[in-house]
Amino acid sequence: MGTAGGGENRDNGQAKLGRHLTLLTALPPALLTLLLLLYMPDIAAGRTISFGFVWIADLGIAFRFYIDALSLLFALLISAIGAFVAIYAVAFLHGHPQLRRFFLYLYLFIVGMLGLVLAGDLITLFVFWEVTSVASYLLIGFNHTSAVARRSALQALLVTTLGGLCLLVGLLLLGSVAGSYEMTQVLASGEAVRASPLYFAILILLLIGAFSKSAQLPFHFWLPNAMAAPTPVSAYLHSATMVKAGIYLLARMHPVMGQTDIWEWTLTCTGAATATVAAVAALRQTDLKLALAYTTVIALGTLTMFLGSDATIVIAAAITFLFVHSLYKAALFMVVGIIDKQAGTRDINKLGGLGQSMQITFVIALAAALSMAGFPPFLGFIGKELKYEGALAVASEPALVATAAVFANAVTVTVAGMVALKPFLGRPNHVYPNVQEAPAGLWISPLILGGLGLTFGLVPELVNDELITPAVTAILGTSETIELKLWHGLNIPLLLSILTFGLGIAMYLGLSRLRDWLSWDFSHAPTNADQLWDKSLEKLRLIAALQTNLLQNGVMRHYLTVIFFTISLVLTYALIRTGQYSLVFEWPHLNLKEWAAILLTVGGALMAGAARKPLIAICALGALGVGIALIYLFFGAPDVAITQLLVETLFLVLVAAILPRLPVFSPGRKIRFRSRDAALGALLGLLVTLTILVVLQTPFDSPASNFFKEASVPQAHGRNIVNVILVDFRALDTFGEIIVVFTAAIAAVTLLGHRLRRGKQ
Amino acid sequence: MNSLVLQSATRVLVALLLVFSVYMLLRGHNHPGGGFIAGLIAASAFALFAMAWGMEAAQSALRIPPGNLAATGVLIAAFSGVLAVFFEGAPFSGQWLQLTGHKNTGGISISNVLIFDIGVYLVVFGSVLTLIFALEEVK
Amino acid sequence: MRIFLLNLLLAISWAALTGNATLVNLSFGFLLGYLALRISPELPGGSIYFKRLQNFSRLCIFFLQELVLSSLRAAWEVFSPILKSRPIIVRIPLEIHERNQIFVLINLISLTPGTMVLDIAPDNSALIVHTMFVDNPDRFRQEIRLGFERRVREAIS
Amino acid sequence: MPVTTVDIHSSIIMLAINISSLMLLLALVMCFLRIALGPTLADRVVALDVLNILAVAYCALLAIASGQPVYLDAAIALALVAFLVSVAFARFIEKSGKKL
Amino acid sequence: MSWLLALPFLIPIGTALATFSARARHPLCGALSVLGCTILLIIAVTIILLVEQNGPIAAQMGDWEAPFGITLVADRLSAIMLLISAIVGLCVSLFALSDIDKNRVTLGFHSFFQLLLAGVCGSFVTGDLFNLYVWFEVMLIASFALLVLGGERVQLDGGIKYVALNLISTLLMLTSIGLIYGLTGTLNMAQLHISLAAVNNPVAVSALAVLFIAAFGIKAAIFPLFFWLPASYHTPPVAVTAVFAGLLTKVGVYTLIRTFTLIFPNDPGFTHNILLGTALLTMLTGVLGAAAQYEFRKILAFHIISQIGFLVLGLALNSPLALAGSVFYIVHNIVAKTNLFLISGTVQRLSGSFELSEIGGIYKASPLLSTFFFIAAFSLSGFPPLSGFWAKLLLLKASLDQTAYLVAAVILITGVLTLYSMSKIWAEAFWKPDPTGDCSDLYTLSLPERLQRLLPVAFLALVTLGLGLLPEPLINYALATASELLEPKDYLDAVLKPESIQSMGNR
Amino acid sequence: MVLDELFIAALILIGSFFGFSAALGLLRMPDFYTRMSTSGKAATLCCGLLLAGVATLFQDAQVTARAVAAILFLLLTVPIGVHMIARAAFRVGTPMWRGSFVKPRFKNPKKELQ
Amino acid sequence: MEGPLAIVVGILIATGVYLMLARDLLHYLFGLVMISNAANLAIFITGRLTRASPALIPEGLEVPPMPVANPLPQALILTAIVIGFGLLAFTLALIAQAYKVLGTLDVDTMRIAEPRKIKRKASP
């Protein structure tokens, strides 16, 4: 991480460095992509790779990676698109003072995502899961001077962390049920997991984790807000990767957790609902980036919906769509970024006529949008056809799924139009007259991505044989064959496609009217999750403030009361909980001397308690001190008695020395408090008395005391046993004690503001 | 406090209290007394001094700042505790140098136990005095 | 002073000779030494020493006597059903000026039944005395001057 | 340990000790009442002072009753320092100059 | 051997005396303090190595055999606490060189600091209950002194509450110790393990147990006894708060662990359930308290409470894994918490305030400092791969293993709320643009000051990171500690059988 | 022996009688000054007699010496304490007993001292 | 013998608690003194009371010839008394300084470290 930039030279150096970094930054992910591609044939053939080391042997936790076709597919998408985003970002953020920080975060993110999809251990998976949360937090908050960015970052962080923690619990439970955290073993123990009584809990926890990360209902609200991030980030995060971590998790857990009704129903319904809600929301947007973001939520909903099923065709549809979506969505976000950068706005109502000046961008936008809209011969078309095929094959609710899919896709078509047509067609906008084509650094990445969409559409075997089919196989655990082709013949999916196009185009044409129609105010709807978020944070602060005002209210007497009350409470409980003891209390024969001492002590105490003036209390304390000293004296403790008297005397001398500077009268307390305090005091006194009496019921034998009596003269050569204990048997206590006294003295002096004198004055 | 009675009596009493404190210190191992008590008595002597003749007089009579006295006491006590390192004993173990007579019956001896008690005496004396002087001084 | 030391030495020699160092024996030795010195050939400063010792002893006896009397008088007053006392506060000018003398005088007055020194004038020229049993302030002043002040002057100089 | 010359358990001594205990007990109570009643701080301090002196008496009484002269040490210590309280409070009363 | 165990408090006391006599010479005083801490660290390392090799080691002070005299013991728990205290001591003493003004040094800051360390280390090594009380007092009085040193208004106000509430704990502890002696006739903790089990007086044992919970609970700042902490921790200079935060409450937790594994292990249905309820409430109230604050150090202070809840939780769950979790959590928390306070001090140095509304722009001005804060804060929030993650994982797993799902839920909620507060600080102090515009960056500080402020912070951050990446040694150590605590046979042998000590001394 | 016993018993009884009387005076006397006059000396005497009893009982040089020392110390310190309090009370103008036949004459103690 | 003294301890604690809860810091201090004494007394009585001789061994003997009071609690109390004195003295100094600086001993008005209202800032 770079140090703070100050001065022109440093900025220049950084800019130069940035230019040189162009290739370098893209190099690691690109190399990784190549590496993964090398492994691809092997993996596709059914081999898996596993490596790592034991992290914590005693807990069976390992830092382990596991590559099968599913993880390979994700890893490839992440690293490849990562490389493109890196290239794009260098151009996009050119000259930005914190460029290096940006790349640091980006790499952190890439590493997190790769680790997540390649994890071969549940804990490893979670570690990387959280790394992506943190990295996305930093990326979303990259424009940290903007309050909106900070809010969005916090929102994303909290939502995904909440989900992440649930996931952690789920993973821990899963690990304990499966008997291991190792991925291969977990994957193999589906039967046991589904039979476990904890299955439902695990499922819910994992789903909360996955849904929060993948912005499913009801956690969907953070993703559009995350658009506060710089454009390349949005592109990366919200197309290729982070949100798909949840999808990956669902796919990964499919063999273990799937194939149950509850799995299917939950996923299907959540996915469908998410897709529908997001579709409506997408139509209402005028910000291109937001509109795209909502289509991402649509896509995620669709994917979730499909992953609920265990039919081959449905899973194949999901995986293909996932692949397609990554390509076009990344490209489109980049295009929006270009428009934003060149035209200075992303507002769809202000944009228009850019096609002439930005021809390359226009072409790219078209290519990606057509793929998104699912026009042949783009890969998107194949994806969509498969989607419909899959939707109809969903066992539980084919009609619902199909309807949701059609509606979602129609909206996608509309948004594709919004992104690829609206800004470029029509008359040039006079507000932004001098719009230039973007530099190559900006358009090269989307161009390649858009081109790939077309290429793979024309030659689907490129991706099918070694990526999609093996991935589906990995999810379902059975060897599957899937055909990807542009022309399936005239069938229901095709009809649905046509319906989709018609609907989508109609909506695009009537977009402004549609938006007016949809423009009822969501702001007061209880379902507005974003506002709910604000409200719940506000509630949280309120509750926090309330509880703080209640507990930590700054009044010392309140603190003391609570402490004394707590002690009384637990002591009462401890004393009565067994309810099986009899206290033997004999009034012993105390002689008059002893009564005198007791009377003096008790009288002194009561008088000090009743005294309103400190002075009277002090005199009472003097009497009390004498009484206690006499008690010590009468029961064979002259050393203690003398010390008590001396200390009492010196204490009173000190008090008298300080008293002239203190107020004569004390503030009184209300009668209500007085009686409450007295009751509390009486209760605590009673409890302590009882405790002492209870302790006294046990016969006493102190080997230490006996030892001291016997060893005092022969071994320690002293006749005052108490003193021998103090200076020999337990000299360490005394040593500590003199340190306390010494410290107290110098502390008091420094407190009173005196320097300790260094010599005679 | 400018009182003829108090000031006159203090001449005798301070000396008396100091002597008495040393007496309590030295016999503490075998009779009631010891470093604490002795230290407190010695501190009382100077408290009386300060009350009768003023704090400056008491301080200059003491010559050493009481804080340093206390620190010296800690040092002495620590020294007596670690003295055992030269005799292969554990920390704070008793070491006796018997000059005459027998340890258990009397005679004259030097022991780290006594040194320790002297340390305690000085700490208590110095600390309490420090406190008294400080509180007296508050303006 | 030298003679006092000599006397003390004699007392210690006596204790050493008898092999009994108890307090009683030492006191006895001191008395013996005193008598011996008394009849010895005259020592320089001896007469002053003997005089002082005599006066001091007298003062001590007087002191104890007053203590007992005072306490008895106080007890009487305390136990009597009706309080007969007539407390007054009297200012007594002093003729002695040495601090030590005044100190002893104050202690003596304090020990007298029913009297108590409340304060001393800043220049040590007078005492403020509280007394319970004397009606006439002037007579009280006179008593003090003749009774205590003289004795103190004799005992301490 | 010094041995007592007379039997402290003899009836005369025991009786004397008991009566003495009672009287001192009453004395303590009365002192205490004066501390409680005041009315001025000086009254309370005097009572405290007397209380301290009576504590010395108690030490002596205990030494007699138990036949243990060690309690004399407590008596000496108390006799030497107890008046400090009075002096300190007297100083306070003078300094603060109010009727307390 | 016996000397080695006495050194952890003898060295700081010696250093305290040295700094006391040198208190007028500012640089010398600081150097002495750092030197003392370095020596302490060496000793702590030696002890932990020995303990790791030989198991618990004991030393009889004054050569008086075990249940009679005072025994010093170092088992794994003590050893790790010593080590971490020495580390914190060194870091804070280094940091204090620039954070503590000359006036406070002259008033004896370093002496009090060293005495505090002596009290802390003494508490960790002692095997005697009353001696523990004495060391607690040393620690307490030194902390009083440090808290009000300098005597500012706010310090005095906070100091009053701190002193008032802590003294209650002290008295409670003293009473409890007296009563337990009255019940068993011994003060030696190992002997108490044996004697108390033989006492046939369940009511008395229960009452004593709750008295100890209350006494140490106040020190440890558990619910609802924690008031002194938020009332005072934001008032003294940051170096003081840092060492308080790192060590003081942890000593309370240490004694809770020690007491309720060694002395009161026999009635977990009663004692440990009280602790469990307390722990959960502590976690929640602490973290909620933090959510209501907008002052850097107040937020951190409330988090201390919440994290105390975690520490007590591990004890309350009473399983090897849970105890190991507690041990790991203590180490993690001391490091991270101290670091956060040190960072808050530097932030205040740069921006002039602790109020979040008045500071900002640190991220832009001092990325290095920001990185360290980020590491510490996210570690505290339990993010992998930082130390806090493992601490949380252990406790979570322990609670799940016992099917204590409510506990797991509270852990999760607390985790998220912790994150909320930490990200609040991050967003406000670091990300937000500087509202006043007078925030300087680290380069405006002189080189020595920068080093004195950054070295400890960097080191502690590295420890956090290191414990996160390579947790295994510490987790293994924590697990071994836990089994040692739950099966104290070795501890008892070391303390009560002199021959075993003898043989080890010869080895 | 019986004589000894009687002597000791007498010392004890007389001593404690004075203690009692001192306390009674403290309680019964009407104003500060009279309370003071009747209590301090009696209390001292009480201690002296009891300490004499101790010395008589043990008849041991050391014990006697310590008893004598205690008495001497009391004689030295008690009057000082008493005087200091009296002075303070006088200086702050503590009123005299109103029932006495001389009315309180010192309204302003400082003036009186001139 | 222990019973009545246990009640004394209870009374001391009751009054101490009552005093500590007063608004005035000085009263708090007095309460502290009282509870401090109560703690010491509690140690003393649970170490079992005896009217036996003090724990001193006469000259010429190696062990006490008759039962003596339990010396260990005495040693503990001595330590505790002196420690307590240090703490009390410090607290006294703190109270004096607090009054000097803050101008009050009324704990209800000591709200500098924790002001009455929590500042609630509208924070994004």
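So that you can tell them apart, the chains are marked A, B, C, D, E, F and G in the order they are listed, and the count of residues begins at 1 in each.
We take it that a residue touches a chain if its C-beta (ideal position, glycine included) is under 8 Å from a C-beta of that chain, and two chains touch if they have at least 3 such contacts.
Since this is a predicted model, take the numbers as computed values, not measurements.
Engineer: What is the minimum number of touch steps required to go from subunit D to subunit E?
Structural biologist: 2
Engineer: Could you see whether D-F or B-D has the larger number of C-beta contact pairs?
Structural biologist: Answer by contact count: D-F.
Engineer: Of the other chains, whose C-alpha centre is the longest way from the centre of subunit A?
Structural biologist: C
Engineer: Per the centroid of Cα atoms for each chain, what is the distance between subunit D and subunit G, given in Å?
Structural biologist: 24
Engineer: Cα centroid separation between subunit C and subunit F, in whole Å?
Structural biologist: The computed centroid separation for subunit C versus subunit F comes out at 17 Å.
Engineer: From the mean C-alpha coordinate of subunit A to that of subunit G, what's the distance rounded to whole Å?
Structural biologist: 47
Engineer: Would you please write down the residue numbers of subunit C that are in contact with two or more other chains?
Structural biologist: Those would be 106-107, 117.
Engineer: I need the residues of subunit A touching at least two other chains; which ones are they?
Structural biologist: Residues 147, 150, 541, 545, 548, 552, 554, 556, 560, 564, 634, 638-639, 642-643, 646-647, 649-650, 653-654, 657-658, 661, 688, 692, 695-696, 700, 702, 704-705, 708, 713-714, 719-720, 722, 726, 728-734, 737, 739-741, 743-748, 751-753, 756, 758 of subunit A touch two or more partner chains.
Engineer: In subunit F, what residues contact two or more other chains?
Structural biologist: As it turns out, subunit F has residues touching two or more other chains at 17, 22, 24, 36, 39-40, 44, 60, 73, 77, 79-80, 82-84, 86-87, 89, 91.
Engineer: Strictly by the criterion at the top, what is the full list of touching chain pairs?
Structural biologist: A-B, A-D, A-E, A-G, B-C, B-D, B-E, B-F, B-G, C-F, D-F, D-G, E-G
Engineer: Hey, which residues of subunit G end up touching subunit A in the complex?
Structural biologist: 1-24, 26-27, 30, 33-34, 37-38, 40-42, 44-59, 61-64, 68-72, 74-79, 81-90, 92-97, 99-100, 105-108, 110-111, 113-116, 118, 120, 124
Engineer: Can you tell me which positions in subunit A touch subunit D when the two form their complex?
Structural biologist: My answer: residues 591-593, 595-596, 599-600, 603-604, 607, 615-616, 619-620, 622-623, 626, 629-630, 633-634, 638, 641-642, 645-646, 649-650, 652-653, 656-657, 659-660, 664.
Engineer: Considering only the defined contacts, which subunit A positions touch subunit G in the complex?
Structural biologist: Contact set of subunit A toward subunit G: 147-148, 150-151, 541, 545, 548-549, 552-557, 560-561, 564, 585-588, 590, 594, 598, 601-602, 605-606, 608-609, 614, 617-618, 621, 624-625, 628, 631-632, 634-640, 643-644, 647, 650-651, 654-655, 658, 661-663, 666-669, 673, 677-678, 680-682, 684-686, 688-689, 692-693, 695-696, 700, 702, 704-705, 708-710, 712-714, 719-722, 725-726, 729-730, 733-734, 737, 740-741, 743-745, 747-748, 751-753.
Engineer: Could you list, by residue number, the parts of subunit A that touch subunit B in their complex?
Structural biologist: 638-639, 642-643, 646-647, 649-650, 653-654, 657-658, 661, 713-714, 716-720, 722-724, 726-728, 731-732, 734-735, 738-739, 741-742, 744-746, 748-749, 752, 754, 756-761
Engineer: Could you pull out which subunit A residues touch subunit E in their complex?
Structural biologist: So the residues of subunit A touching subunit E come out as 1-4, 6, 54-59, 101, 123, 126-127, 130-131, 133-134, 137, 141, 144-145, 147, 150, 153-154, 157-158, 161-162, 165-166, 168-169, 172-173, 176, 540-541, 543-545, 547-548, 551-552, 554, 556, 559-560, 562-564, 566-567, 570-571, 573-575, 577-578, 580-581, 688, 691-692, 694-698, 700-705, 707-708, 711, 728-733, 736-737, 739-740, 743-744, 746-747, 750-751, 753, 755-756, 758.
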